[in-house]
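Got some structures for you, see below.
Each of the next two complexes has chain A plus one more chain, namely chain B in the first and chain C in the second.
Moving on to the complex of A and B:
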């Protein structure tokens, strides 16, 4: 049974006149057919808008002119139709708009939005991989995540398994499509241009990213990212797992901040099942989440400096991170994959020495931060490698859906911890969203370093609020999510993690889409690197702090 | 993907005659071989090659607290041509598999492989019938000397694996030639 495509029908007493009436009017003028209000507290979205495929670009242009930022695209197999959903929200605050458009299984064709919101380009390629929907006039119609010889679309409901079989004659890396790659070149008459294959095995791609660079000497003319070398089919697996069983997979998507992913998943289920957590659980969540953020930023600092040629900070950072992991291990039993934040609260009570250990850690980190500042942030070589390198404009942030420190480094004051009220405690604590104006690698680095300080502040204050009480609300062990569509966003160290869930009333998701921050952040790279030197590509990549298995899922 | 579990005979005489009849070397310097094995075991050069989660634990193992340098295995090389130990740290999917095979082929003999974590051993949490993307164990494409269970394994487990591998190399029991 396909689920109800709209949850708003179940919301009692939808107001006769929408609170977003003016916006609806403008969008209807641009071509939207049906508009309905959604209950934010229940669904995480404000406005549900149906658009016919041919009117899509008109509505998107209207949204763009009103400074809406692109968030994510979700493909759904509704059996028999195929839906594509687009989520938009302005950074300055405003309703989250869901555009919905439908195509039939037979035609499976939609117009591309990449000329309006450039960030849809990769999402459209992903949807082509997963659902077989072709986007007309797409600038780069190639598979994104799956190998080029794949002949199926895994997220369609009629696909049931059969692993990819590598054809006998393609056991090598696919040849560079020179004709296609030539299009990348910015210079009209490159004289000594050639292609440089960076990755998948490369020390500075932070995993298995492959970038095909078109270079002329040391100067980069253009580049294309090739993804999918760590694609694990997590979204398909989610459809075969019960809600509680999926928790460990959330750890493994972003292994540098598993706690924040656990949190996002738990928050999504709490929103869908309308469950409140306990005050003690909220406090523990904030402490663990911020510790995880500090640990993740420390790995970023260490590896980024390793990329830029400095080995010593790596040893410092990993030692500090080990102290955090020791706390994680005592609390949850695992160093990295904690699976600690669960539906309704946290999995178990913290151990007796927890508060003292965290206090010691904060004290230690406060001593270390000036060292990092003098050792790294004021280092002349570091400044030369990062200052004015790879600036991201605010316009690009909006088009691509950049989030997290990369967004805040461009001067956009948006943080899901403050602007998406997923945890009440954050509003009660004294902290500030850190922003920089330049948007370059140095600004991104500074934002992260300032965020570590803010996280330490948050941890200290949260420790004061840790009071006795139950660590988990009374929730059923096995539960079903009511039919409907839910969206929840949490702030991870890399940016806003969005979870789009379509429940059909059973104990497994009908469709789960994770909007991962690194995906959007990495996509900007293709725009940043033309004109740079090869060494700057490494610097830019490192400053974006991407995690590849998170992108590939 | 048809020829799985086959050790490529890199660096060996490749004629059909010698392969079939398995002719031993005419002169064998056993003490020299032992000395070489001892030297190789105590100066392993791993390939910098992180795929997923386990790579972070691999990095932690080489960083300050665990310090694999103590066991002579801390010189991570970025080029496969300079490395003799491949630590497969993470989930190998079918898009990645040909590349791992190629990296392995690019390493000079003798060479060894450690499969770090459940994914590299058997697909781990992604090990199941209906997963379309993940290779169910790296052993299907390269010969593995030491398996390290865990999801992810602790750095101590990796150190233990390195010590085990050193013992194997010293006693001449590895897959590699």
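Moving on to the complex of A and C:
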């Protein structure tokens, strides 16, 4: 697309009756070239805005001044042009805005937005990996997910696989380069600082995450996350699979809440193909989804306490979680990789003892929750280790696209279950979005504990609504998504899981981008740790509840 | 006593102490696993021997058979010596602890002082281990261990001073004799609590297990140690737990004083109850942070210990 900046030429493209006319006007003033309304029910987005690369920062600044939160960035190879899409939506409610900017294959250069929305930093690095788009003035221009020596860009359409050749002389980056590239804080007392590699093999990085810490004794001066150790190329795989074939991959994105990922994928396809599920399927989905949330939060509780040095709660949490996994196994045949929620409903009918088993579980958890509360959440040492440690401000939440319990702990009342109507049942049930004000590790912990209680409430009420009926709607055998762009968001245990799908009318996606909550949540860590102690890094990391394979995809 | 007699006594004492240290450690490891199992709704070891009692022996044999890896970048001699020095105080301490009237290797006339002094040698070993490993985690662990030890030593000594003040002797048997009807815990509950907290901190156990905080420092100062060298650290740790419990028994719980049962039974009973409490704490609490640990020591324990000592002096030695 030519960098057209003639404002007056763009105005006629806008429908005269746009409900967002005022916003469009302000954005046009800031430099947007073409604005179009989108049908939310069909696409999951409200506003499509074209921006020339040089006007990008102006429009983004305008959005930021209107409290739009950054959601995700999607790179697309449109052949021949390369598109980059930015999604924004205010937490308080408002239209979801899609900014679209284009660069040519030859130049492949765009300005960075990281000075306005800091959360774009990692996304830009990922897009550099995958599409080869260079972002000028990027503060930390290094590959994120791929090794630094890769010379191909896998998500470009002309890439069909290549042998990875590791050049011998660049296997190790010289340390001095690392230090310079890291741009870490300077020590006041030179020569007493050193670099500490936390991970990729470390007990409390919860997977293969590496944090390069710059420390002075116990004090942390700064740190950088290094990702990509468990990168599987899921997004490229999606382009090579039929829609129905991709379902098992969604299980494996996040091994702690596969049901929520199944649900997100199913919901996306339902939105794209305009298919309704059956009432019974909705109820089963809510029950399974909330069970999965409880299971995931239990794992978080156990491992977080393990990070803080208490070993015992871990075993109790896993015992409880095992009950949930047993239910999953009876329902779907698999403890973890359920592939249970499918396009149009659920894969099979629940077994006969399902309702009783879930009731038992809820009863059991109700007994357990006060124990967790008194023994863990009110423990003096637990409070000392979490209170006022690593607070995330609301501003940071907006800039980084933090979501889920981490967002709600900072006092932002946003939950996709309520604010993104992806399941009608949630609005009929009696529950509350849990928020805390402080935004520190303690607040995040409290939000998660309160969410377990709310999930139990939801499960109990949903069980009442479980009525006879088909568990899956009639769906076509050969499934195709009409050409178009769709976005769907569901609330997983870690936050909002966003699915951006570009369909070309065939039975495989043209491009699928998964916005994983941990990606944004983890990125904040680099902002939180300077000035903290090594032990706090562990505490903060644990409280964010990240799943690394989910981030690496 | 003639020279051969002294030598024979020495050999017997040495044999007895080493046997006790080993058997005690084997038992305590088993006990710890069983206690943690009960606390965590598990079974613990069940396979080897009755109630899994021989499990630790199997583990020890396994450790003996393991390759002792010496990383290339270590400071060789310091690395070899560190576990030895860390283990060294364990038998020395056990040798000075009488378990009943007249039963014990040696009842020194400065027993209390000796115990407190010798137990600190272990930290030289830990510092050496951390330094020699040439590993940042090990070094951080060692630094934490030393800082913690030096700080907690002070309120600990002040707490012991109150005991010595009341008994008027440094000899352990006389300290026990002074508690004949009523143990010092009744007169000195605050000193007891301070001493208990400090000795947990000195033995690096949860909630003060910062030097080997596995979720932060991988394994702290013994990250690089394998096989029998690692086992020596392990042995030292569990002997230290026994020693701290024994000292608490001697100083505060009336040692071997008790009705009906023989003295050594009382002593062992009290000691293992204290050990059980220490284990109970370990499997219940999270870990403190290094600065909180220091704050707690300097801002809470130390002033309380000083005030306690002053008040005790006025009350129990008020006649001047």
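A few notes on this one:
Keep in mind that, in the parts below, the second predicted complex is superposed on the first by the 514 of 553 C-alpha atoms of A that agree within 3 Å, B and C clash if a C-alpha of one lies under 4 Å from a C-alpha of the other, contacts with A are read in each partner's own complex, and residues count from 1 in each chain.
As a working rule, a residue touches a chain if its C-beta (ideal position, glycine included) is under 8 Å from a C-beta of that chain, and two chains touch if they have at least 3 such contacts.
All values derive from a computational prediction rather than experimental measurement.
Of the two partner chains placed around the shared chain by superposition, chain C is the only one that A:384 touches, whereas chain B remains out of contact.
Contacts of A:79 after superposition: neither chain B nor chain C is touched. Residue contacts after overlaying the shared chain place A:248 against chain B, while chain C stays out of touching range.
When the shared chain is aligned, no partner comes close enough to touch A:134: not chain B, not chain C. Contacts of A:203 after superposition on the shared chain: both chain B and chain C are touched. In the superposed model, more residues of chain A are touched by B than by the other of chain B and chain C. Residue contacts after overlaying the shared chain place A:236 against chain B, while chain C stays out of touching range.
Of the two partner chains placed by the overlay, only chain B lies in contact with A:322; chain C stays clear of it. By the touch criterion stated above, A:299 is placed in contact with chain B alone, chain C being left untouched.
Chain A residues in contact with chain B (one complex) as well as with chain C (other complex) are 202-203, 315-316, 319. By the touch rule above, chain C contacts chain A in their complex via residues 36, 39-42, 136-137, 140, 143-144, 206-207, 209-210, 213-218, 283-292.
Only residues 1-2, 47-53, 55-57, 59-60, 63-65, 78, 80, 90-91, 93-99, 101-103, 125-126, 128-134, 151-152, 154 of chain B touch chain A when the two sit together in their complex.
Contacts from chain A toward chain B in the complex involve residues 146-147, 152, 154, 159-166, 168, 170-173, 200-203, 207-208, 228-233, 236-237, 240, 248-249, 252, 255-256, 299, 302-303, 314-316, 318-319, 321-322, 325, 335-337, 548-549.
Residues 194, 196-197, 202-204, 217-218, 305-312, 315-316, 319, 375, 379, 381-382, 384-385, 533-536, 538 of chain A are the ones touching chain C in the complex.
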